[in-house]
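Letters A, B, C and D mark the chains in the order given here, with residues in each chain numbered from 1 onward.
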Amino acid sequence: MPRIGAFICHCGLNITATVDVERVAARARAIPGVVHAETYKYFCSQPGQEKIAEAIRSSRLDGVVVAACSPSMHEATFREAAALAGLNPYLVQIANLREQCSWVHSHRETATVKAAALVAAMVAKVRRDQPLEPIRLSVYPRALVIGGGVAGMQAAWDIAEAGHSVLVVEREPNLGGRMAQLSETFPTLDCASCILTPRTAEVARHPRIELLTWSEVREVSGYVGNFSVKIARRPAFVDWDRCIGCMLCQEKCPAPAPIAFEHGMGMGKAIGVSFPQAVPNRPVIRREYCRRFQGRKCQVCAKVCPVGAVDFEQAESFREEKVGAIVVATGFDVMPAAQFGEYGYGEYPDVIDSLAFERLNSSSGPTGGVIRRPSDGKIPREVVFIQCAGSRDPDRGKPYCSKICCMYTAKHAFLYRQKVPDGQAYVFYMDIRAGGKGYEEFVQRTVDQAGAMYLRGRVARVYPEDGRLLVEGVDTLSGTTVEVAADLVVLATAVLPREGARDLARTLKIAVDEHGFYSEAHPKLRPVETMTRGIFLAGAAQAPRDVAETVAQASAAAAKALGLLTRGELAADPLVAQVDEARCSGCLVCRHVCPYQAIEPRDVAARKVASVNPGLCQGCGACAAICRSGAMGLHGFSGKQVLAEVEAICL
Amino acid sequence: MTAQPKLVGFACRWCSYAGADLAGTSRLEYPASVHLIRVPCSGRVDPTFVIRAFQRGADGVLVAGCHPGDCHYASGNLFARRRFALVKRFLEYLGLEPERFRLEWISAAEGRRFAEVIREMTADLERLGPNRKLREDP
Amino acid sequence: MTDRQAALRDIAAGLLGGGQFATFIGFRAGLDPSRPVPHFVRDASGAGALVINPFCGAGLARHVLEALEDGPVGILTRGCDGLGLERLIADGRVARERLHIVAVACRGAVDPARARAILGRIPERAEVDAQAVTLIAGEERRSVPRDSCLLSRCLNCVDPSPRLADSWLDEPLPAGVRDFKAVSHMEQQPPEARYAFWARQFRRCIRCYACRNVCPACSCRSCSLDDPELQERATSLADQFGFQFTRAYHVAGRCVACGECQRACPMSIPLSLLNEKFLKDIRDSFGIADPHRPSAVEPLACYRPDDPESWRGDAR
Amino acid sequence: MTMNLLPSERLAEFRECLAAGARLYGPVEVDGIVLFEELGGRPPAIRPGNPANSLKSFLCPQTEAVFDFEGGYTDVALRVPAAPTAQAIFGVRPCDAVALERVSRVLLAEPFADESYRQRREMTTILTMACREAGPHCFCRSVGVSPADGRGSDVVLYPADGHYLLEAVTARGLSVLQSAGAFLDPARDEAARATCQSTPVPLIGAVEREDLAARLEAVALHPHWDELARRCLGCGACTFLCPTCYCFALFDTVRGARGRRSRGWDSCQFKDYSLMAGGHDPLPTKASRIRRRFLHKLSRFPAVQGEYACVGCGRCGGTCPVGLHLAGVLSELEEVLR
């Protein structure tokens, strides 16, 4: 006879407000096999967990159902609590009375009846649970970091410094990412490259860090501790091993190329690096701009190269790498011009976005750090900054706040005034969000010292008049319409996930949210982990964030990765498929549906049966669903368990 | 009040179950008809689970998984799509009303969509009345 | 006819006499001339008992499973038997190299019960051609349309000859294209009528499992239908629907349309009409032209990224 | 025994009279198959031979509740099902009625009479239609049953031209005839019975009754059973349709705190039929199960009960997917013996 305990959590008022927990407990007690049922205000609390432990011991429970919040919140908590009390942790099931009952229903009677049914289903399920032991897996002591921006570099550096080897894969030819494009950083106004360049050099030099730039992750297979990664390296058309980085090729190249790094503000060359301090200091040929690839006679670069490193025949190459953990740090994009017709973005050259303004500000940028407007190179006397261009705009843009714009706009207004002392900055804003150490003070300095004029309101339109741009808006504080004649308009465009982030998510089999940012495993408790074990998140690929937060999160992701790598061996969830060999006919239809190649035939008593590699199996259950005889089972989600749940719900 | 229809839902833990959780955290109200059974993947759902629900008195059954291409296990929902395309037609062939069985793609971000599907399906089931098919003589 | 029978006996005797083959599976005369029974010849001298005639109705494929336990098997194989063997081979239950397939072209088998009802007595012989069936008893010869007395599966047959063969008793007949007329007809009935029809059919089921035991696609060592937790033994209408659904679904995409289940059903439940529904939908939805002919990977164990969701919207 | 004549045109009224006090069952044609079902005013489909199902559908149903239970593991309330109500079965063939008599020898044997069966049997009136023509698979005479056999019946109807001779075999049959007295003509027609008694049964297989049991026992260990097993599919069609097979299994269906213990037909031809809790199975092979079925019916049962557990109804022969007709198997065994 089973001895099940049911623990119905009030969750403060979260559950009790809608569900009569005492009635749910009474209904649970009436289920054959339930020998203990109690309610408590917070079973997840220490005293709550102790109550469960006490009941396990005193009532000799062999199964526990906790009716509380979603299993994604506290399943692990309650399993650990049960284990401490001597019950196998896999004999614990969670009935989701909060997210899927009390929070979504308001009628007390129906919610209570439903809650009782959900508990009954979990009692039926836990009765068919088996005690399980975690599966031990070896961990390959090397990490992969995808993205060589500040997040990726920080994560790589932390992991390498802790003694493990790291492979960094960067899509661009050089490290640096977005931060390399910036001029100064808020609120301290440190020069961005002054911060970044030493870090880049350290990473490049580190004996335990291997760099693969101009490369992309194409395929990922395996599982935590044992990932297999296929990396494609695009042809650089330059043999980097031979190249000495003299950049004579770039100097002599006759073909201009609008390189992404300058964000439309300046031109590079068809061969070369993105910026002077680039690491690795090795050029690539962008074939779409190269004269030779356009079918013309040129080959100047090949002629001037002192070491004969130019190789027009170079092809895409692939390599397979084995890693134990993956940090995804692919960064962000900004919303493209096409989205902002009313601001004339893309139509008038002097309407630019903030990243372009960074390039104008940058001393290594196209204007040498002098702020000149794109149309005629004139130094703008009046600059209008428009915030929330696409952010906080659920109808036409994105509903979320891009978070960094308030601060960098203040920085831009401040820097502008420094460089153009008689200039006037106007900032159209919705709210100023300056939470952060020294942030609010910085915004105040921009207003007080730099004289920036902050206007609360939306800009209706921007149109050209007499060589200037007329900006029409509303100052909602004074209730008046405002019209500013500007020389330059700068849009704080919304932060988006990097192009290709969704594809990479599919390759990695991790989730993205509705905007395409990678989803964390838990918004509060597991913010740098993904739902796929062994894959971690760093930086703006997960959500908009500034440099300081990015670096902090990168270190956190590194710490999580290190947690795996330093162990050498780890325990995996034993909720995997298993074969009842006596029942298996050996048809092996299961092999066709296994996404992990975890099933192999095995000879048993002169016949063939399916055999599951529990290290490879991820517990998806495709095999169990297609097995007709019922020989293929899935721990935790066996056919009999699911059927028992169905029956309990349908009572 | 009249008895609610009974709707049994099989939800993949990565997408649809999480989407239902999101509906909860977003406090999106929907009918209490639905009872979700958490499964690792829509590809885990054996059609005999579905028929069992109808046998035992469910008025409707929902199988919900990640959108095609987004499966946590890469392909589970694509197997489910094939399987339940057939099963759905087969149940209709046996005389069951089409509204009583649905396969839906609901991502972890689509709490709103989850609530909407439940509202829609519950309204359909209320209109059809209790299901007696696959259980009782006509 | 007699030529084929003589050739069959020669081949069987040769196989068994050669020592490599332990069994030859064919038919021999039954108690009633219209009901030959499956026969297992163990030595060359027994081959003379083998017969081929239009009353040979039972499928033979499923029998190889047990016969192979004694050693390689020779088997008389019509189109339907051949598909059954292909199924068993695809399921890894039978090794092709342990079979010697003696192929014969089949124009259809006579349903003994219908033939007797037509003739008023047990027919002694029958002749089947593409147009008609001639039933013979004593001096009486009666020519009747094919659809009045052939087994229903033979009327829908598109594979008169097997696709696998080691020796041929005659020239193969060309394969046809399945038309699923009966399924289409059923689909056109109103839902209430469909439900009433199936409820009436399933009510009759006595759970003898002949449908499963005769099926070449149901060769599992242990069947989920025998597990009381997966299929209760109760026979309420709900349980009958559960049982019938599970049986039909478990052969979905694997059924070779041999019709043995329906032929074997002592309660005349039109099981082929269930199997063929799956086959028709597989053909229509997944673009598999001949889903009843076994392929390397069965249709439900694979997918295409662009599989249609045509069923979407049906509900509304 | 009281005998009366019923004019053919009044047969329907006679049936209506029967239906007045009981649920009336009889053979009807549904979807091309003849079955015993509740007549519900439909005219019975009286054909040579037997409907697909036998009378046990009404006396030992495919599934029946033994009791319902409710409660937990320690505190359980039981409820037995309501007593059966009166039923009458019309158009039964003599062999089926004889089969009831055979089954009753087992199920009603004291001190372990089967209460459920007893109640049903007592509430059941059997109205038998003697045979003027044998069915395609009939071999009743081979096993000592006649086309005019009255054993197990309450009333036997002997068909003649233009009328039926009705014979009450039991007191219950007598009261049926009394209640239907208005339609009956007290005249006698002994010839009608005699005609049926001489109805030819083709005796396909020519089963010799002489020493059948002894001759079967003599081949009990013959390898031919293995040959039969090769052919047999191991399904339960023969036993489930057999009117003399009465094996059942108990099973529980549990729904939360409620449930039902039921009994349902079981078949000795099923794998695991005789599997014991300790893992031992006295009938581990298909051959052993087939042999058991034949020996039980034709040797072991007669040894105890004095009669075969086979009435020659021919259902097994007509329905076996691989033609394992009982008479056919016997004749094969005869060949083997020679």
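In this section, a residue touches a chain if its C-beta (ideal position, glycine included) is under 8 Å from a C-beta of that chain, and two chains touch if they have at least 3 such contacts.
What you are looking at is a predicted structure, and each value in this text was computed from that prediction instead of being measured.
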Determine, using the mean of C-alpha atoms as each chain's centre, which chain is farthest from subunit C.
A
Chain whose averaged C-alpha position falls nearest the assembly-wide average:
B
Calculate how many whole Å lie between the centre of subunit A and the centre of subunit B, each centre taken as the average of the chain's C-alpha atoms.
30
CA centroids of subunit C and subunit D: separation to the nearest Å works out as 30
Averaged over CA atoms, how far is the centre of subunit B from the centre of subunit D? Could you give it in whole Å?
46
State, to the nearest whole Å, the distance from the C-alpha centre of subunit A to the C-alpha centre of subunit C.
56
Residues of subunit A touching 2+ other chains?
593, 626, 639, 643, 647, 651
Where subunit B touches two or more other chains, by residue:
48, 52, 56, 69, 75, 79, 83
For subunit C, residue numbers touching 2 or more other chains are 224, 230, 236, 300-302
What's the complete list of touching chain pairs for this entry?
A-B, A-C, A-D, B-C, C-D
Along subunit B, where are the residues that touch subunit A in the complex?
1, 4, 6, 8, 10, 13-15, 17-18, 20-21, 23-25, 27-32, 35-41, 43-46, 48-49, 52-53, 56-58, 69-76, 79, 83, 107-110, 115
Please name which positions on subunit C make contact with subunit A in the complex.
91-93, 219-224, 227, 229-230, 250, 297-298, 300-302
Can you tell me which positions in subunit C touch subunit B when the two form their complex?
186-187, 191-199, 203, 224, 230, 236-239, 241-242, 245-246, 248-249, 252-253, 274, 277-278, 281-282, 285-286, 299-303, 305, 307-311, 314-316
Which positions of subunit D touch subunit C when the two form their complex?
30-33, 35, 52-53, 62-63, 136, 204-205, 227, 229-231, 233-237, 239-241, 249, 251, 253, 262, 264-265, 267, 270-272, 317-319, 321-325, 327-328, 331
Which stretch or stretches of subunit C touch subunit D in the complex?
23, 30-32, 35-40, 58, 62-63, 66-67, 113, 116, 122, 200-201, 204, 206-210, 212-214, 226, 228, 232-236, 260, 263-264, 266-268, 270
